[in-house]
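In what comes next, chain A is part of two complexes: it sits with chain B in the first one and with chain C in the second one.
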Partner chain A sequence: MYYIDLAVSGLSFGCMYAMMAVGLTLVYGLLRILHVAHAAIFALGAYITVLVANASGSVGFGLLAAIAVTPLFGMAVYRLLYEPLLSYRPDVPMIASVGLLVLMQDAFRIAFGEQGVTFQHNAYAFRIFDIAGVRVNAVQIAMLVCAIVVFAGLHFFTTHTRIGIGWRATVSRPRIATSFGVDAVRVRYLNFAIGSALAALAGGLVGLLNNLVDPVIGYVVSYKALAIIVLGGLGSVRGTLIASLVLGMVESYGTIFVGTWLNRDAIAFVALIALLMIRPQGFSGARTA
Partner chain B sequence: MLYPTAKLSRFTAKTLVGAVAVAAYVLAGGAPANAQIKIGFQAPLTGFAATDGKSAKIAADMAIEEINNAGGVLGQKLELISYDDQAKSDQAIFTANKLIGEDGVKLVVNASYSASGRAAAPVFQKAGVVMIAAYGVHPEITTTGDFMFRLVHLGPPQGRATALFVSNDLKLKKISAITMDNDYGQATMEGFLGAAQKYGIQVINKYSYSLTDRQFGSIVASVKRDEPDGVYATGYFFTGGPLVAQLRAGGVTAPIIGSQAFDSQKFIEIAGPASEGTYIADSFDRGRNDAALQKFFAEFQKRAGYPPENVAAISYSAVELMADAIKRANSADPPKVRDALAATKNYPLLTGELIGFNSLHEVIMPISVNVVKDGKMKLFAKLGDLSAFAPPEK
Partner chain C sequence: MSAYGISLLSVVGLNVILAVSLNMISGFCGQISLGHGAFYGAGAYAAALALIAGAGVAAALICGSAAAAILGTIVGFASLRVRSDFLAVTTIGVSFLFTGFVRKQAWLGGEMGISNIPGSGFGAMGNMIMILLFAAVTVAFSFYIGRSWMGFAFRAVSQDEDAAKTLGVNVGAYKLAAFAIGTALAGLAGALYAFFTQFITADTFDFILSVMLMAMVVIGGVGSTAGVVIAAILLTLLPEAIRFVNNYRLLVFGGLLVLVIRLAPGGIAGLARRLAWSTAKQ
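Right after this comes the complex of A and B.
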């Protein structure tokens, strides 16, 4: 039972990381920019969820609002921050991105307080399902379901729709895709919109699980997601998905062996360093970077 | 060595400017009719610790006003000269030098965090300025020297008191221990683990988590497997809230004992119904039938718009205690105030009865344990066995 409990917790962490990291890896694939400010969009999603949920009394409405608003924000970040800097070396937009992350974290602190915001009605975090002795919380189930729906949807979108195929083509071979008539700029907007919506969804769910949205909510996932996309083989969605689930499981099971003297975040990074030493090209197999 | 030199010269320059200003003031014949005693005040008014700093400042202003309305001290009014130290060491040193050099302050209440309090302490000690650390818990604050005082228990005594409580009051034998990985969390846990052996408490397993973590799924699963009689966790309300919620959601039904910094209404807000029955060691007995405390609650709520936390209460008491010591010393001369503070006996702080200071100027006072009941903090036990959690001596 203990191992199943750990698996449940590892799986829900993993799904959350995957939703967070997929936008990041796609931005890297398209633009070769390390989109550090993605963590701020994750936090923005969490704040929109909690604020709208408290104002409207409906958690679902809060999540929908976050998914609706953050794509606009993500596209604005591309248009106003990255596009003017694209002609410079990739570390220039990256530094701008770090700046935006710091700025937004402090903006959240000033606007909504150091202590963070809690959900006034959060039935989901306290609703427990007992499945054959394994207790699972409604938010953990939601994380798993969301991740399955999202990745199945992404798979369908990128294999069965014109714009989706164009998107995939642009990520892997930008020049050839353009010469086949794919609008690269439209693909970029699409990319930022979808990536931001997924990060916001992950942020909202983490906020629900913790029953707290505070200014540091994006902090840990920001650097973990960077490590995940490296491990996943930069730019690869499949690799990112695998890396996220592996990381979630390693964190969870790691507690058995080293929980006394290493905390979860430290376990995660020790594992990442070890994995990258064994497999520097990441899980995707091919080097895309 | 460039940096300290630069800092020193800036300090000298500031002192010079200050001296010239004072000289000009005196030459202009501007000696005040009603002399004032200046109390320096440092708190984090901006930055990550601003919530606590603002509460501390509101409370200290309240204390000063009330003392002055009652006629001041030794016929003089008190004046609070306050600076923002952002809870950062460099700002703490900078503003400490300002307080000494520009403002000529001799008595200081430091209502700031451990790191900044620890940085300011040597500056004040060297200048012979009395400093009361309202809630900074770094051990080196008081070991800096004899002008330093502290109004809260250190982490290890808090942990030892918790072990006593777990064994004597709750009669629990098998404990899962969860440590927050920072100075405060670790020091408190060390005190607990050391004393646990003495009381025959078996610590089944130890887990640790980082300050930024809010997801405890794997710890919860491990605690469930431990099947403990109780769970002891160190942390702040913003880690403790999610931890307790997730432990209960995961099916852990054993009593949970949290450390002092769980003590916030926000903890109850975050953990929701799961917070019921959580014990909080070394917390603030809000329900005490004490007119001064109830008056403080009402007035603070009116000024701040939210109820006071431990930090506010202890900052208020720190200013009051300083005024009381000036009265008892019959002088605002720092060595005399220091001796009067050291001789303090049975002084009522808002946070509890201060029995006195030990040789290191650490507090000797009972420890209260609260329990969450019907969404409110209620006093559960008062630990009076002072030797069980005696602070370190000189």
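Right after this comes the complex of A and C.
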């Protein structure tokens, strides 16, 4: 049963990575910027969740608040940081983004303490279900359900609504989309808003799972998400989804097979570097790196 | 001189070497590296192992530089495959791999690091003088490279790789040279650090350090040796001079990084140039 437990944990982490990374890959698709500070939004979402949940006594309320507030922040990051830097080499906005991540993580540390904040009423983290001998945590189930709902919703949105179709068109062919009357700038705002909300949801769920939100919550996730979007073929939602699940699984099993000489978090980077060296253009071949 | 002053000046010297060497890779040659801390660490670990094995000061310094340069040249090959932001991502990966790998290695001390590294025998003052001498040599070397043919080639690669190739510049060779030289100097700093603290852990050489070094280069002015030296000195002394800054170090560094890129992309050097220009016009 140990191997199945690992699969469950891998799957739930994969779902979390997918929610985190989808915004990132779409930002890349639209703007050709590696939005490292996406992880800061993930952390912001986690903090809002824990603070509102503790203040109101309801975890669901905390998650809703995080989903409501972070899109504004994401759009502000685009407007104030990335938009003025679009004409520079792509590494310039990326380094600015790293700077913003470091700044925000430290701001969280200063504001809410080194030790982080724990949930006062978090019944879910300790509620374990026993399904045919497999132990599943309630938060893990929530991650899975959230990811399914989110991706089904995104699929519907981008195939059945005018705004969603315009969004997709802008990601794949910005110029042609513009000539068909799509407002590319508004698509960017939409993209940052939705991506940030999903990252915040993922952050809140990770906080619930660990029953702790600490200042370093975003660091490792941020670079893993970069690895995922490269593995998934930049700008491709489906590729990102697959890469997230694969990474979740590989990490889960990797800890028992290679855990003695490499720590869990480094596995993603081995995969990332190997892939970049073998296929610098990514799996999809869409981009010249 | 107080023990505090000695250790502070030593740290300033180390940061100057690191920032100037990163500037050779990322400033002169335009190859963005966010993993410079890993080369610093490789140098420190190699020197520590050499010292424990009974090597002398010079041998340890050579070991440190050589280990870092070998690792750096390997990473340099990555710059032949990927450019710009993707090279940055690759080097971030290198940084995490380095710390992730070292933490799990028993022969490198694992999580505990290596303690009781034999000293240089020069004392704290002697170490400081050695560090500052090497820092001065590194800065002089950086000025020399900037004016040499190699410096021109670096700048050509940095500004337009394809144009440089068309002009017959061997782009790949110069990129590798930039990585080899820059990382060898980082390894040298690592070896000096091993003498300075006699105790090293993987956490010292993490990604945050690499970001801080990149902040020094960007704030100083990408490609300007003088600017980067000034930034490295100021940014090392600032947290010491203003006590409250010390607690908010990353906040200040991250904030400065964002503000400089956003408002004054030329950094200190760019501002100085603009100032000189406007006074010359009057």
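Odds and ends about this structure:
Simple rule for what comes next: the second predicted complex is superposed on the first by the 269 of 289 C-alpha atoms of A that agree within 3 Å, B and C clash if a C-alpha of one lies under 4 Å from a C-alpha of the other, contacts with A are read in each partner's own complex, and residues count from 1 in each chain.
What we mean here is this: a residue touches a chain if its C-beta (ideal position, glycine included) is under 8 Å from a C-beta of that chain, and two chains touch if they have at least 3 such contacts.
Because the structure is a prediction, the values reported are computed rather than measured.
Superposition of the two structures on chain A leads chain B and chain C into a clash.
After overlaying the two complexes on the shared chain, residue contacts for A:Ala96 are found with chain C alone; chain B is out of touch. Within the superposed three-chain model, A:Asn210 lies in touch with chain B and out of touch with chain C [touch as defined at top]. When both complexes are overlaid on chain A, the residue A:Asn263 reaches chain B and chain C alike. By the touch criterion defined above, A:Tyr223 lies against chain C but remains apart from chain B after alignment on the C-alpha atoms of chain A.
Looking at the shared chain after the overlay, A:Gly116 reaches chain B, while chain C stays out of its contact range.
In the superposed model, A:Asn137 lies in contact with chain B only, and not with chain C.
In the overlay built on the shared chain, the residue A:Leu85 is in contact with chain C alone; chain B does not reach it. When the shared chain is aligned, chain B comes close enough to touch A:Thr255, but chain C does not. In the superposed model, A:Gly10 makes contact with chain B only, not with chain C. Taken together, the two complexes place residues 219-220, 259-263, 265-266 of chain A in contact with chain B and also with chain C. Residues 33-34, 80-81, 84-85, 88-96, 98-107, 110, 219-220, 223, 226-227, 230, 259-263, 265-266, 269-270, 272-273, 276-277, 280, 289 of chain A touch chain C in their complex.
Residue ranges of chain B in contact with chain A, taken from their complex: 48-51, 181, 205-210, 212-215, 217-222, 224-225, 238, 241-242, 245-246, 249-251, 266, 269-274. Considering their complex, residues 32, 34, 78, 81-90, 92-94, 96-97, 99-101, 103-105, 207-208, 211, 214-215, 218, 247-251, 253-258, 261-262, 265 of chain C touch chain A.
Contacts from chain A toward chain B in the complex involve residues 1-2, 5-6, 8-10, 12-13, 109, 113-116, 118, 122, 125-126, 128, 135, 137, 140, 206, 209-212, 214, 216-217, 219-220, 251-256, 259-266.
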